[in-house]
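Two complexes come next, and they have one chain in common, chain A, joined by chain B in the first and chain C in the second.
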Partner chain A sequence: MKPLFRLLQFVLLFLLMIMLPTWVSATGPRIKQDIFAPNPNQIYALDFPPFVTTELPTGGIAVELVTNLLKAQSLDAVINTLPVASMMKYYLLQEQALGLITSHLQINKEEQKDLIYIPLLQIQQYFYYFQAKHPEGLPWNGDLKTLAHLSFGVNEHENLEPYKKAEINLQTGKNSALYEKLHAGQLDFIADSPLTVNWYLDKHYLSEKTQFIKMQPKAGDELLYLIINKKHPQGDVIAKQFQMELGKMLTNDQYNTLLTQQLGNGQKLTEIFSPLPVDSK
Partner chain B sequence: MCIQEAKSCSIWIVFLMMLNCNVAAQPIVILNANESPPYWTQSSVEGGLGAELIQAISEVAGLETRIKFAPLQRMIDDDSNNDLGNPEFYLPKQEFAAVIPIAVSQIALFYYRPHHSTRFDFKSIEELKPYKIGVLKGTLIDRHAFEQMGIHFESSYAQASLFKKLKLGRLDLVFEIDLVGQQIINKVYPDQIANFAREPLPNSSSPIAIMLDAHVPDVQTIAARYRAGLAHIIQSGRYQQIVRKYYPDAQIPEHWFEELQHFQKMYAFDL
Partner chain C sequence: MKLFLWLCISFVSAFLNYANAQEASIGVKPESVGLSSKRLQHIDNIIDQHIHDKKIAGAVVLVARQGKIAYFRVAGLADTDKPMQKDTIFRIVSMTKPLTSVAVMLLYEQGKLLLSDPVSKYIPEFKDQKVLELQPQGSASEYKLVPAKREVTVRDLLSHTSGLLYLFPNNYFHDRERQLVVNFYKEAGISDGFCRPNETIGDMVKRLARLPLYKHPGELWEYSLASDVLGYLVEVVSGQPLDQFVQAHIFTPLKMRDSHFFIPQEKLDRLSAVWKSDWQGSLTRIGNEPMLDGDLALCPSDAYALSAKYLTGGGNVLSTVYDYYRFAQMLLNKGELDGVRLLSRKTVELMTATNHIGSFDATFLHDHGWKFGLGFAIQQDRAHDVDAGDAGVYEWAGIYSTRFSIDPKEQKITIFMSQTSPFNLHFNLWDKLLVLSGSAIIN
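Right after this comes the complex of A and B.
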């Protein structure tokens, strides 16, 4: 009886150790860098793992890139990761934040006039389907019309027009929900960066990872921007500093070196990113 | 009529209209909370500060609200329930039709006076470098950035042990939710309260909110009734009465209502 009791004790202790950090974090203080005094230079980034995420010590690939640009120009700013686009819009439009790191931002043309878009990363996107639902695969050949009448899971902030034109059935939702629906057979395909797909599959569907099939050719590219607010008192000046530093990093190859370090595992840069538009230099 | 009176009147009119429309039907709303005293707890009849506010709001709004306790991870994973707590935990996964901040929590810096002759008045995070600082495990967002600055934190699994280490001199400073810290000191060291100093940090507030799932029937009407109920209990003073009860010094933290309004604006913005 004694060994059984000890085993039970051990199991309970182990379970407690696993559960406790999650449980306590809900009531604990969230300690951020600008806790004593608000930094006037606030940058908000939309959660998009592994490019923007608080789960990586660097804050994600895009955040690390911006952190390096800030350091190189001796700029003092704080980068905050937010879960939803509406919060970013609030900080930008209502509190005149310095900038945003994001790819999608649905705001009107009048508001866009006050923003400076600096391309940071051109991320390759691929379509993925779940093999259990489509054992024969899907007929994708680069023409969206080949996917007509299939269900496509997409973020509502993306440009949906090309898909509508191709008569693809659209289902919008948050990333995690789209992966769940794809797995459950409620969607035929989704589009994402292979890095993001791996991130979600490793976390939630590790044993079925090989069933999520990447389709060739690539679906397109997604530009991730640093968007600087001209209404911020230092907006124009800081935007120029960022553009100059990014241009330097692109010219001396520091940009590629930094991204290669971030990718790790011998992953090739050209498999994940496309070159930035020419005028970024 | 002054602006304040006009505002008060309009809140009453909206509230009475809503009450009138809904006398016949009292919808039951189930909200999930996780055990996190003193905000949400099953260990007291009242259920904690948040639970008391919810019941007071529901009473005047003509809604029957039931709080069901669940582990945090289950609440986060369930993307069809209604949640209570800090929206940042739930928004990445779930679509909500309404997020209604009802209270705020603020961080304070605690230290043990007998070990430090002067009052701490930090202006920047870098000033923390020489000190041993305690935090609750899992609550440090920018650990990497802090470590790069040369600031190191010691994590602890239990909140009470942070304060024990503070008293023993094994830690110089502890970051903790202001109300949680005050209650721990009251409970663990009731005869030492004056020896524990606390400096609330104004730039550290988080909202405590009602989050209503996007697929709840008639969700906008329910949200409007919660909002009107909240405005009503603030106006009547019932809200302040409840909050004061939980602070050992019976003082509502400075800027509480400004912060609350700020969060209400943020979460009403194009959600």
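Right after this comes the complex of A and C.
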């Protein structure tokens, strides 16, 4: 019996050697990323540090908030941060992306019909001037008319009508260019969130940071939205899930806790954010 | 006794250093290295004629052979009140790129990166890049952003096959895809860096990486911001700012004492002015104002800044003809100069003797029949209009009319530096200079 068993063992080993190519045990193919299919749920976020930025491991406060909403609803989606609005618009309208995280995007009324706007953050905006240019300060008291005939640097996508009405001279441009112009004395004032101002000044004008003066009272609020695309196959369903989860987070204070964790430096939530519009809950 | 011995050694060492320096700077009789003095005088004539005709204000020209400087001519003005001198400092702009390529290859030789590495391994923003493709007329969108067929690699950046662009060629090449990608660059605040932005190179590169590529990696040869990305890659991989890395690993070992990313205060008066020339007799000195021409923005006055944030591997360096000769001679010597080995022979061969762009041609400064290595254009054949004298010659240039050429077969280096804009009118002079340095060979 034993010799027969040994013979069988030998035959089996021989067959295995023939049937299996030698490289199977020796090595494996190089894995390239294109073997993985892309996630169908793509969300695009527009650079807006520190609310949206690749510089922070969390992706920024707004991205962190959306990540938490996704987790809570066990939704699988990829958030991509982009530097230009036109790419966001392309992905939304041409690629039927699931959604966008942004404050302003020039989308016409017809296109807006297919979009669901979910307010994520209401960010307080303040006017800033450069002290070297205006050692005496500016006469801001909450009425735009007090700033008439001064040069205001503003993002071109923002609503410019109130400033025009107040006869304020407008110069549009990208954020970085506006800060440079303010520093160079080519602008009298700009508007931004204190967190964003700190971010830029720490990066570019650290030694002159105290020269950039925040004016009271606040200039207004800017809403940062999660815009969901109804044309995405899951758009409607996911939008409802997001709205429900955000409502829960607002009610049980998880929303405020999460934002407070992101702020640091002893900053108070009420100095940075205003409450979301009532219908968000 | 010990002190005496120490003094003797110091004296001998100092003497040898002095002798080496003198040999390199003074040069030799052209005939001793197989060049004709008489024939080299043709270079004097052509440079003098260009100055007389007010095509250029001044220039420094160097021809070296067999490791010796045989011709080192200075002519004309560096500034309205300053003659050109052998140690005049020039904005070498894109002649920075070969320095950056060498910096990358130093890291390659240290095993810190592979040429086949995806750039995203070091700069994650390069992951999942898209390529802009035009759509047929009547489509809902003029273009589509499709996933890149493969990731951009370090080799792609070195050989300009990454799919990235420069903005300024948009002035000359008018295809719609290029225009659309350039529009994205502008919207994102990306510039060519010839006017220094108030940000770090890392800030710029991270934005650039998230914009669409012009073509799929490996499917074109296109001169681009790739060297600027490489400069940032050096920073990420080495953990050092680019200027400090290049100073420690290239300038100092090669004794390139007048090469800087930012000019030291005490050398400010050696920096040449930049001149605007129509090459027809109208020559004016450029002041502090930027020179804007369509999508080309140049700021010659940036070179006077003693410091700044933006360090570009594509165009930041200021240098002299002699310093750049030392760099070129190191390459010609296959990685070594004056007993200092910077790169291995094998690496220099990989950079200079190998075509990395397949069937594409490096036509930007040259013509068909020119290929690209890892930082230089390389002449492949002599059957086309731009001829540097031999197959295997490698060279590059800078946008204020500076240029170098290395001929390994003839062991010849030719360097020309002026500070003249616009650049694209200087090709005729450069082509003639190479004919003259080549036809001076007599052995």
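Methods note: the second predicted complex is superposed on the first by the 245 of 281 C-alpha atoms of A that agree within 3 Å, B and C clash if a C-alpha of one lies under 4 Å from a C-alpha of the other, contacts with A are read in each partner's own complex, and residues count from 1 in each chain.
One rule holds for everything that comes next: contacts are C-beta pairs under 8 Å (C-beta built on N, C-alpha and C of every residue); 3 or more make two chains touch, one makes a residue touch a chain.
Given the structure is predicted, the values throughout are model-derived calculations rather than measurements.
**Q** Just to be sure I read the superposition right, which of the two partners does A:T270 touch: chain B = first, chain C = second, or both, or neither?
**A** In the superposed model, A:T270 contacts neither chain B nor chain C.
**Q** Could you say whether A:P38 touches chain B, chain C, both of them, or neither, answering first, second, both or neither?
**A** In the superposition, A:P38 touches chain B and chain C alike.
**Q** Once the shared chain is lined up, is A:Q94 touching chain B (first), chain C (second), both, or neither of them?
**A** both
**Q** Between chain B (first) and chain C (second), which does A:A177 come into contact with in this model arrangement: first, second, both, or neither?
**A** A:A177 contacts both chain B and chain C.
**Q** Classify the contacts of A:S86 with the two partner chains as first (chain B alone), second (chain C alone), both, or neither.
**A** both
**Q** Which partner does A:T58 reach: the first (chain B), the second (chain C), both, or neither?
**A** First partner only.
**Q** Please determine whether it is chain B or chain C that touches the greater number of chain A residues.
**A** The partner that reaches more residues of chain A in the superposed model: B.
**Q** So, A:Q112: does it touch chain B (first), chain C (second), both, or neither?
**A** neither
**Q** For chain A, which residues lie in the overlap of the chain B contacts and the chain C contacts?
**A** 32-34, 38, 47, 54, 83-84, 86-87, 90, 94, 174, 176-177
**Q** For chain B, which residues count as touching chain A in their complex?
**A** Going by the criterion above, the answer is residues 34-37, 39, 71-73, 79, 85-86, 88-89, 91-95, 107, 122-125, 135-146, 153, 157-159, 175-177, 180, 201, 203-204, 206, 265-266, 269-271.
**Q** Help me check something: in the complex, which residues belonging to chain C touch chain A?
**A** Answer in residue numbers: 124-125, 128, 140-141, 143-145, 147, 149-151, 183-184, 187-189, 198-199, 203, 206-207, 210-212, 309.
**Q** Spell out the residues on chain A that touch chain C in their complex, using ranges where they run on.
**A** 32-34, 38, 47, 54-55, 80-87, 90-91, 93-95, 174, 176-177, 180, 203-204
**Q** Considering only the defined contacts, which chain A positions touch chain B in the complex?
**A** 19-38, 47, 54, 57-59, 83-84, 86-87, 89-90, 94, 173-174, 176-177
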